[in-house]
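Following this message is one structure expressed as structure tokens.
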Amino acid sequence: MSRRAVPKANPAARSAQGAPMSSASAADSALRRGLRRPRTVIGLGIVAVCVLLGLLAPVLSAHSPLDQSFGALQSLSLAHPLGTDELGRDLLARVLYGIRVDVVVAVVAIPLGALVGCTLGMLSANNRWYGTLLQRSFDLMLAFTALIMGMLIAALIGSGTPAVILTVALVNVPLFGRITRSAVMTQLSRDYAVAAEVLGVSRSRLMLRHILPNSVDALIVQAALSFSMAVFIEGAMSFVGIGVRPPDPSLGATLKASINFLGQTPAYSIAPMVVVTLLVLGFTLISDGLNQALLKR
Amino acid sequence: MLRYALRRIPSGLLILAVASVVIFLLLRATGGDPAAVKAGSDASPDTIAAIRVALGLDLPLPVQYFRWLTGLFTGDLGYSLVTGAPLASLIGNGLQATFVLTFAASVLAVCMGLVLGIVIAVSSGAGRSVLDGLASMMLAVPTYVSGVLLILVLSVTFNVLPVGGYRPILQDPQIAMQYLAMPALCLALPAAGVLARFLATSMRQVMDEDFVRTGMAKGLSQGRLLMRHVLPNALPPVFTVLGIQIGQMLGGAIVVEAIFAWPGIGSVLANATLARDYYLIQNLLLIAVSVFIVIQIVTDLAHAALDSRVRLEQPSP
Amino acid sequence: MKKLTIPSTTITSSSRRQLLMGSAGALALLALPGCDRSAVKEAATGGTTTGVKTVVLTQSSDFQTGSMMAQNNPNLSIMRAVFNPLTEYDVKTMEPKASLASAWKMSDDQKTLTLDLRTDVLFHNGAKFTSADVLAAIAFMQKDTTPSQTKHNAKIVTAAAPSESQVVLTLAHPVSNIFDWLEMMVIPQKDSYEQMLTGAAFIGTGPFKVDSYKHGQGMSLSANEKYFKGRPKIDKLEIQIVAEASSRVASLKTGASHISMDLPPLDITGLITDSKFVNVIVETWDSAMYVASNVTIAPLDKKEVRQAIAWAVDRDAIVSKVLSGIGLTSSLPWSKSSPAYDEAKGNSYKYNPDKAKQMITAAGVAGQEVKICYVAAQAGFASVAEIVQAGINATGLKATMVPMQPADFFKGLSGEGLPGLFVNGHGFGHLRPATLLKGAFPFNADKNASRYSNDQYKALSNAIWQNTDASKAKALYDEINAHLLDQQFVSDLALGAHTYTISTRVKGLAYTALDYLILDQADLA
């Protein structure tokens, strides 16, 4: 009576079948549909607010996040809306500038990782020998959780923001690589691709002009997820002590310092907690919404 | 089944071998002098040189590498370059503590994930959105946030559980569990969220199938249908996710151990990283790689056992 | 195909009930262990409830079993708990008192020291303490692979044991700091060195014996019933290794631990606002912080530049910001108990940014770059480096920070040198001056981290080491002080102290001249 569950065929592939060279429209409509989903909208909203707060940090906070001249552990006041930390620094400034660090890390590291990952993914889809090797390597890198990779990198090049950026980039290589590889391999077996080869279109032209644009949906979903991971990883590395170096502000490091004073000023921990959660949640919602739109097709 | 297992092992061993060389070379390439760290800042250069020889750091690299490998096979992991402690016991103690933590967290994650996943799958409408949101929160909130929150609520506000620390589980189980409760819960939450969502999606896909409809038409009770037919078919892909989640937990344990002062392998690795304790880092990383490979193979085998199509498929091109 | 969802209403109440009961059961299972005993409550009362007095101490790093013959921070808690030396200084008077040696006599030519040993001492494993154990300790200290800051004395000693209870030490030449060496040389049981080096066992004569040692986690000790100074009042000593300062603070607050060694100064000032806690400052003030120059690197090769840097640093800021007030400014490495201590000279370099700027301009090096190296992970030194940087930048020089990993820093320190200035700490400013000059690497005349090589300095150091004439000593100390202040290859900035932050339940805590914890007379209220 019971049958094994049959996984649904990849909807992206199905619609591309028989839709030879024009791929832009297919991707667009999935994205557009994704953007209309309530989940994606909420996620985008949350992220936009947080990022905006970070970008507007110098406007919103009169103080520098490094200035230690105020009294320590002051409670909320007009001059210090979130109070001060144990070294007398304004907490609002530290949180806002901390957001900036996350944005910088994400914006630098993710495209880097994605580029390398996608290239490797495409290479592996094309070549049988490479393919298995890279696939196994991807599996290993994926298993090698981000924090352990971060520790290794910190051991090699020293802790600090570059270590965080490199970790996030490396973590993204197998993620994007895997997706690109499977998407490309699926596309390669489609009629239009076979036809193109028969017609004498070069492999690389085929890849870049037609196959890659068709695979872009899954990549965008992954990108949203990667942003969430970047915030996560930066926080974890700074928390453990191998990330952003003091006295530079970081959400993870601020959270770590707050544990000491949970009894005295719980407010110290709440602001970074909320911001980190919102950022991670926001990106996750975006990727969720887009993913659902893809699957519905 | 056996043939499938055997097929996976050679590639696993190959990766392990390559990883060991990479790890060894990378660490040596970074410079720094562990002999100087061990000797202390006041030691004279002669003492440092003597210690360097005693530690075997002056031997040519290939010799050091083979010494390490042969040591692994004979069970002699060497000694910490910094504290002189036998690595086997340092790593052993750390692994013990991390194992207890990860095991407890896995059990919690599976229980919570199962229950939540099933509930999400069978609900609809507003209820489902709320529960789905709950699962999303669970997996989105980082451990270093939920950990601090748990301490804030359960230790600082309502003084129910101790703030941090460790008691060996075998010595005094009743007390030890109270120290274990918060870190295990903290570690389990993201995994539970992932498992719940995955199970819910998987179950909903299965519930779409014709055979379920037939079952309903035949008059099977909902509960029986759910438990006897939907769930077993929905579980296989969840196993792979479980394997990955347990692997993630081992990494996540580093942060949780830091928050709750749990002296596991995470803190051992962190200290070793700072002091460039080569031998310790080498062994830890190699152990980590092996564990991950084993977890991968085991979960793939479990998946294969449940899904014959995976077993029969040809190796991918 | 029409999608089928099982509407929640069709789920029978029985299956929903099953689910709920299942989850309730799982939760109950979790709650069960906590039922009758509360970990929180037990931690708060810790020890005296069961009639067994257990003192719990927390520290940040694991012991270093390879350097038991040296003064090493992680070992401060166990050295005097497990072992005893032959003689021990009275911390107030700095006079050596009998410990494992009951009496001693120095020959007139100051080259032969005869020690009478106690005959009533047993090691933790029951073996009798004899002169053979002393000989073994000396031989161990003389080994190339044994680090020790008083090795310079061990190496010129020939030891003989005319009987089980007597040891005769023959020195190649007289030394001024023989008792510093004896203070540092603890006496383990002669056959236990292998086990000690790997941490498998520690066999000493001290008030506590080691029951178990879990590497990386901590040590359990219990009272030595047969301790020759009388059984300690405390029954058990637990030493826990807790890396995070916040966890050590929390542990102290909740009563889970009673002593915390070397907490960060900021945490200490927070803790002692609560009258339940007291900070015991080890008043040897031997934790000095300094900034030193690699004198082979321009512009640090000019002593005027080095002096200018000494004028440029705000030492008061270091004491107030970095040490939270638990410190003393100083331009010399000596603390009050040292015979070379000179209050006036110790205050030579007071913060004077204008003078510093003048000197830099006069030396013609304005605008040049200097690097400041430090161990990034050590927050205290990082803060000092920042203060030094601010001071130097105000002089017209350009100071760049070079944060380093410990392994790289120590490699540079002991090997090819660091590329400029470096910030670090040193001890031994409180014992006999020779111990600092010969034992503390920054000041070692033969080879030091500053790569400073100077015949006058070498001659002076050796003279101080070999001088046993009290009347000549003062003049020598004045000379060395003048030399240090003039050359400034090491610029001392502030003297900090080791601290034991304790709950007021702990009474009778004491410490040795080497900052080792003494719990012989301690009690738990």
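Should a chain be cited, it is by its letter among A, B and C, assigned in written order, with residues numbered from 1 in that chain.
Operating definition for what follows: a contact is a pair of C-beta atoms (placed from the backbone, for glycine too) under 8 Å apart; a residue touches a chain by one contact, two chains touch by 3 or more.
Values in this document were obtained by computation on a predicted structure and should not be read as measured data.
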Chain pair, A-C or A-B, that carries the greater number of C-beta contacts: A-B
Just to be sure I understand: the centre of a chain is the mean of its C-alpha atoms, right? Then which chain's centre is nearest the mean of all of them? B
For subunit B and subunit C, what's the span in angstrom between their mean Cα positions? 36
Distance between subunit A and subunit C based on Cα centroids, please, to the nearest Å. 44
CA centroids of subunit A and subunit B: separation to the nearest Å works out as 22
Where in subunit A do residues touch two or more of the other chains? 241, 256, 259, 263
Contacts with two or more other chains occur in subunit B at residues 258, 270, 276
On subunit C, where are the residues touching two or more other chains? 377, 405
Help me check something: in the complex, which residues belonging to subunit C touch subunit A? 245-246, 249, 253, 266-267, 270, 376-377, 379, 382, 403-405
Give every residue of subunit B touching subunit A within the complex, in rising order. 11, 15, 19, 26-27, 29-30, 136-137, 139-145, 148-149, 151-152, 156, 202, 205-206, 209, 211, 215, 229, 232-234, 236-237, 244, 247-248, 250-252, 254-255, 258-259, 269-270, 273, 276, 281, 285, 288-289, 292-293, 295-296, 307-309, 315-317
Per the contact definition, I'd like the list of subunit B residues that touch subunit C in the complex. 31-34, 36-48, 50-51, 54, 79-80, 82-86, 89-90, 93-94, 97, 108, 111, 115, 118-119, 122-124, 127, 155, 159-167, 173-175, 177-179, 181, 204, 207-208, 210, 212-213, 216, 221-223, 225-227, 258, 260-261, 263, 267-268, 270-271, 274-276
Tell me, which parts of subunit A touch subunit C in their complex? 86-87, 158-160, 241, 245-246, 256, 259-260, 263
Using the touch rule from the top, collect the residues of subunit C that touch subunit B in their complex. 1, 3-8, 10-12, 14-15, 18-19, 22-23, 26, 30, 33-34, 36-40, 42-43, 61-67, 70, 72, 74, 144-147, 149, 151, 197-200, 214-217, 240-244, 247, 250-251, 254, 256, 377, 405-408, 410-411, 413-415, 424, 426-427, 439-441, 444, 447
